[in-house]
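In the two complexes that follow, subunit A is the common piece, with subunit B as its partner first and subunit C second.
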Partner chain A sequence: MEVEHTLRRKWVGIVSRSHANRRSFNYFLFTLPALLLYLGFFIYPSILGVLYSLTDWDGLSKSYHFIGLDNYFAVFKDVRFGQALIFTFKYTIIAVILKIALALGLALLLNGNIKFRGFMRSVYFFPAVLSLITVGLIFNQIFYTILPKIGEQLGIEVLSKNILGDPDTAIFGLIIVNVWSGIAVPMVIFLAGLSSVPNDLHEAATIDGANSLQRFFSITLPFLIPMLNVNLVLSIKGGLTVFDSIVAMTQGGPGTATESIAYLIYAHGMNEFKFGYATAESIFIFIMIAFISFLQLKWLNKKEVGQL
Partner chain B sequence: MKAKPAAQAFRYSILALGMIIIMIPMYLTITLAFKTTEESTKSFFSLPSSLYMGNIMTVIKKAGFWTYFQNSVVITIISLLLIMILVPMVSFAISRNFQKPYYKFIYYLMLAGIFVPFQVIMLPILQYTSDLNLMNHAGMIIMYVTLSLTEGIFLCVGFLKNIQFELDEASTIDGCNIWQTFTKIIFPLMTPITLTIVTLNSLWIWNDFVLPLILLNRSADVWTLPLFIYNFQSEYSFDYNLAFAGFFLTMLPIILLYGYMQRFLISGLTEGALK
Partner chain C sequence: MKFTKKILSIAITACLIVAAGCSAGTESVNNEQGSTNGANNGQSSKNTTEKVKLEFLSNKADVAETMDKIIKGFQEQNPNIVIEQNTPPNMLKVLTMRFSTNDAPPVFTVYPSAPSFAQLLKDDNVAELTGDPVLENVEPSFVEFSQNNGKNYAVPYALEGYGVVYNADLFKELNLGIPQTYNELIQVAEKIKAAGKTPFVFADKEHSDLRRISAALLGLDMTDAVPFFQDVINGKKHIADRETEIRRFAEKTLELRKYAQKDLLGMSGDNAVVEVANGKAAMYFMGMWKALAVKKANPSMNVAMFAFPAEKAEDTKVAMQVGTALAMPKDIKTPDEVKKFMAYFATTENAQLYSDETGQISVIKGVTHKVKENIGLAEMALAGKMYRAADATWTPAMQEDFGKATQELLGGASLEAYLKKLEEIFYNKAS
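Then we have the complex of A and B:
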């Protein structure tokens, strides 16, 4: 009797344990497709990238040599890379400030009770659904053919020159296009944040005699800090890897005036047969972006702990 | 709170100005697509006197617009279907086993993708996919699903924290295995976040230019729409009416879809952003 009981308890234990094992094995199966894809097509190519960056490979020939860190030293000495770095930072700073400021302004204007709110939101969001390559090509045609002809007809000197044809102004052509198409998403994120600001706080502050500027800085803005962080992270990463609009509009030119780092990597790796060298450049921008994202996340966490 | 009339007028005029700035390039694209060259040299901004279909027909017939449209549709839809199954699945397993080291590890491993810009793998996957014979639509789909994992898992695991574990346990007691618990209970509850992920990824995949440029630029019949319009423009840039007809046709599917789904689209993005 006693023996039988122990046996049965043991049996139940085995059954439920094998049941639990099967459960955890099934959970493991759930992760498998995603994990295999991620290891095979993200982690492995990243490791390959690091390896290639240590070689003199041109991307075509059958053999290549490991040359240690030579590519990295060469990148540091490369004037063209330095220029691309300066261009990328200049572009990022101007584009991020314009995007965030305009997106915030528009979100504030579109928030609350206004007429045609749904319609206006749809129009303002519209650029976000278009591909940047198409938008870039459209603006390219506008800058190249339409604006100069209008400038001629009206006799306006400034318009009659193609903004993309001058090394000093081409960057602003790119910024115009990216701001035109890149405001919508941060604007929607700000709108989402604005809808979380409690209305009674505003009313209480109005009763206490705060003007609209004071209300904005002491009530609205603190509620928007998380959205501001998200938008900063997204648009800084977008700015540092700017590529599509450059391919569509300037091809890095005139000369090398609008070569961003991402464009330079593409040009070196695909067209100029400096494959190993280009991967070293890509590792460089990886370190740069990882460092900047790390700083942002740290700052963001601090803000959240410190209650805005 | 009643705002002053002057302030309101200011607000509406700024908003109207902004809308004009957004609409002008669109207006030019649509009207120039239907004009002959002679007509558009006279005035860029006039409405077309008649709907001249020559440009549009050239893009459709000579340039093979339909093929590229179909390529884009196939790649986008298959990628989205895989994403909306795989991402919730792995997120479910991670969120229900987060105390175990394996699941914690793969979660952080996949989140680490946030720090890696696409440029790092751009050149390696060029070599890698050509070795594996994946410079085709299958390779594109594999890459899109892979690249969607980081953001998707981040959003889904965050969402799943708010779905109580008691639901899983109750369904287990009722005799459901994990697959049934997932398909019958958890997956339906994840609809809002799945829709957000599908929205974000559909915009990205449909409009993406870099990946087709790397993987598909070798043979014209596999191009997607963004790659087509880029190559079309470099071939026909001398005839800008034709170029604008190409831009117009490339944008037309998304314009129609947007007209139909815009409210849902904006709310889908907003919900994702709030999480």
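Then we have the complex of A and C:
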């Protein structure tokens, strides 16, 4: 009891030494739970992950060996990983362009004076509330039953069979699904951005005789750069880590045509018991995404309003 | 004082979080020492009623109802044991995870011949049951069939296998007999095609389904496929050493697709069942559980199965594996209770119920197969006319790669490229 009492007095003494000190300590204590959770559930596993990537652990055995950087060398030599990398980039580029362009277009339309604006906005937002696995399974049936019929009617050879069954077209099946369900969030962010575009600038430009295209590129777009920035980071990250729709729709097939890096990591770690190797792959993709996001933030920050 | 209270409350919150983490830690330590009951079960076994709770982890969600009936009967006989059936999706992965975190369920389903089970055995995780009384009511030849390295680690209950699911009504209508040889099968397919129906449907969109039937087809013609591939994996032989046979298998695979649905790689397993059930397709080469799925989708149709015919009628056999088997972890606290349940499930009465309701081919003494959809296969298997598919000893990685390579073959890759790919997948890949 005695000890505890003195300790408490000491504590109080330390923290009440100065008002400012006490306050910041107070704030620090408030962050403590979050900090502990972050340390326990993020930093600690990340460090473990780096360690596992240096081993030949199969994810199950009680014993494993440290094999240095062998996993990383093997990743670079792996043809399948290279293919997955190419697929992932191809997918990301197409999906990001489509997502951003369509989201921006929809946001502009939904920001205009249309009837049932609130209702229309919720209609376009709706896909975002569905799980991608569910959406994928539904689209599986659409691609199998409905689309080929339409393709046959129109006489288009490519569409007259399941597009997921052809190595050349399966990627587009995945893109359609991901764009359909992934368009909502960027659209909402653009909508929020559009409300920050000052109307008087538009009015002034109209009086000066600028047409709507000129107004869009010279006034609206610069104000949207921060939103574009966020959307690009989000959708590029989403593209590089595409996984759930592949599991639901193609399982990386036909053959290995639609294996993304995330899918390959899953396949190596969970199906093939190459846990150490899969961890090395995921650290590789982590570094890659961090690098790409960094470049992109640096580049786009320069183009924001006020820094032109 | 107000301030001390604040600090206290925050400190308590922090302590609680840390404590929660710690208690989870002790749990797994306990488990390491042998308690596989998990935290809640451990507590309940200590309370006054002295009930033992056993978690039964199963990969067979489709037969969960039947198992519940058996569990109910067991609990009536043993009121102090409570069995909780748990059938999570991806159960084999869940099981691996549970073992790696020292939280293995006390009793679980396995495929004794599959690499997923070999993986568990490699680390000495599973209790050995060789010569154990729980195996007494199993047909002796199948006790041997379900061994790993000459020892029993699982109690086998039933077999599942591969064959051709066919629309018996349509066969009758077109006056077709059951094909006894491969050539007859092709002739039958020709006739069905001439009648304007799709002879075959193949779920080639699913690389795992394609791998299963391809490995079965390969093992049918190449009777020593399992040891041959083992030699290739160990680097002692090459795929090219048996090129003619593997070529023949690949050519057959392609020939059969000439009579299949036009969109080969676009057909999923579920859709294939629908194609057969609605009468559009006549035959579907796949596991025997698909016959029951077709029956469920169209109860008015007569569905049956025949074994995939070999080149010569007398060589026709059926690809089989133990599909239902139970195992338990090594060093568990309640081995007697688990064995009691294993033995109860192995009684003739319960095995008969299981066979009747699930259509699986029981290997328990005294059971007669009554499910008519696959009775032909059951008779062959029980008479010993069965074999293991070529993929029995492949690792999951090899199985997946083989399935995907075969997809590429169907997608238009050349036979040479396919053989080269097989060499890459298997040669000297033992680790």
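What we mean here is this: the second predicted complex is superposed on the first by the 259 of 308 C-alpha atoms of A that agree within 3 Å, B and C clash if a C-alpha of one lies under 4 Å from a C-alpha of the other, contacts with A are read in each partner's own complex, and residues count from 1 in each chain.
One rule holds in what follows: a residue touches a chain if its C-beta (ideal position, glycine included) is under 8 Å from a C-beta of that chain, and two chains touch if they have at least 3 such contacts.
Everything quoted here is computed from the prediction, not taken from an experiment.
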| With the two structures laid over each other on chain A, which partner does A:274 touch: subunit B (first), subunit C (second), both, or neither? | second
| task | Please work out whether A:146 is in contact with subunit B alone, subunit C alone, both, or neither, and reply first, second, both or neither. | result | first
| request: Report for A:45: first if it touches subunit B alone, second if subunit C alone, otherwise both or neither. | output: first
| task | Tell me which of subunit B and subunit C touches more residues of subunit A. | result | B
| said: Once chain A of both complexes is superposed, is A:134 in touch with subunit B (first), subunit C (second), both, or neither? | reply: first
| said: With both complexes superposed on chain A, which partner does A:33 reach: first (subunit B), second (subunit C), both or neither? | reply: both
| request: Quick one: classify A:253 as touching subunit B (first), subunit C (second), both or neither. | output: second
| query | Is A:166 contacted by the first partner subunit B, the second partner subunit C, both or neither? | reply | second
| query | Can A:244 be said to touch subunit B (first), subunit C (second), both, or neither? | reply | first
| After superposition on the shared chain, which partner residues are touched by A:59: those of subunit B (first), subunit C (second), both, or neither? | both
| Set of subunit A residues, in rising order, touched by both subunit B and subunit C | 26, 30, 33, 37, 40, 59, 140, 270
| said: Taking the touch rule as given, give the residues of subunit A at its contact with subunit C in the complex, in rising order. | reply: 8, 11-12, 15-16, 22, 26, 29-30, 32-33, 36-37, 40, 58-62, 140, 143-144, 148, 161-167, 250-256, 267-268, 270-274
| message | Applying the document's contact rule, which stretches of subunit C touch subunit A when the two form their complex? | response | 3-4, 6-7, 10-11, 13-14, 17-18, 21, 93, 96, 99-100, 119-120, 122-123, 204-207, 262-268, 271, 395-397, 400, 404-405, 407-408, 410-411
| field | For the subunit A and subunit B complex, residues of the former touching the latter | value | 23-24, 26-28, 30-31, 33-35, 37-38, 40-46, 48-49, 52, 59, 106, 109-110, 114-115, 118, 120-135, 137-142, 145-146, 149-150, 180, 185, 188-189, 191-192, 195-196, 202-203, 206, 227, 230, 237, 240-241, 243-244, 247-248, 261-262, 265-266, 269-270, 275, 278-279, 282-283, 285-286, 289-290, 293-294
| Which residues, counting only subunit B, touch subunit A once they are in their complex? | 1, 11-12, 14-15, 18-19, 21-23, 25-26, 28-29, 44, 86-87, 89-90, 92-94, 96-97, 102-103, 106, 109-110, 113-128, 142-143, 145-147, 149, 153, 177-179, 182, 203, 206-210, 213-214, 225-226, 229-230, 233, 237, 240, 243-244, 247, 250-251, 254, 258, 262-263, 265-266, 269-271, 273-274
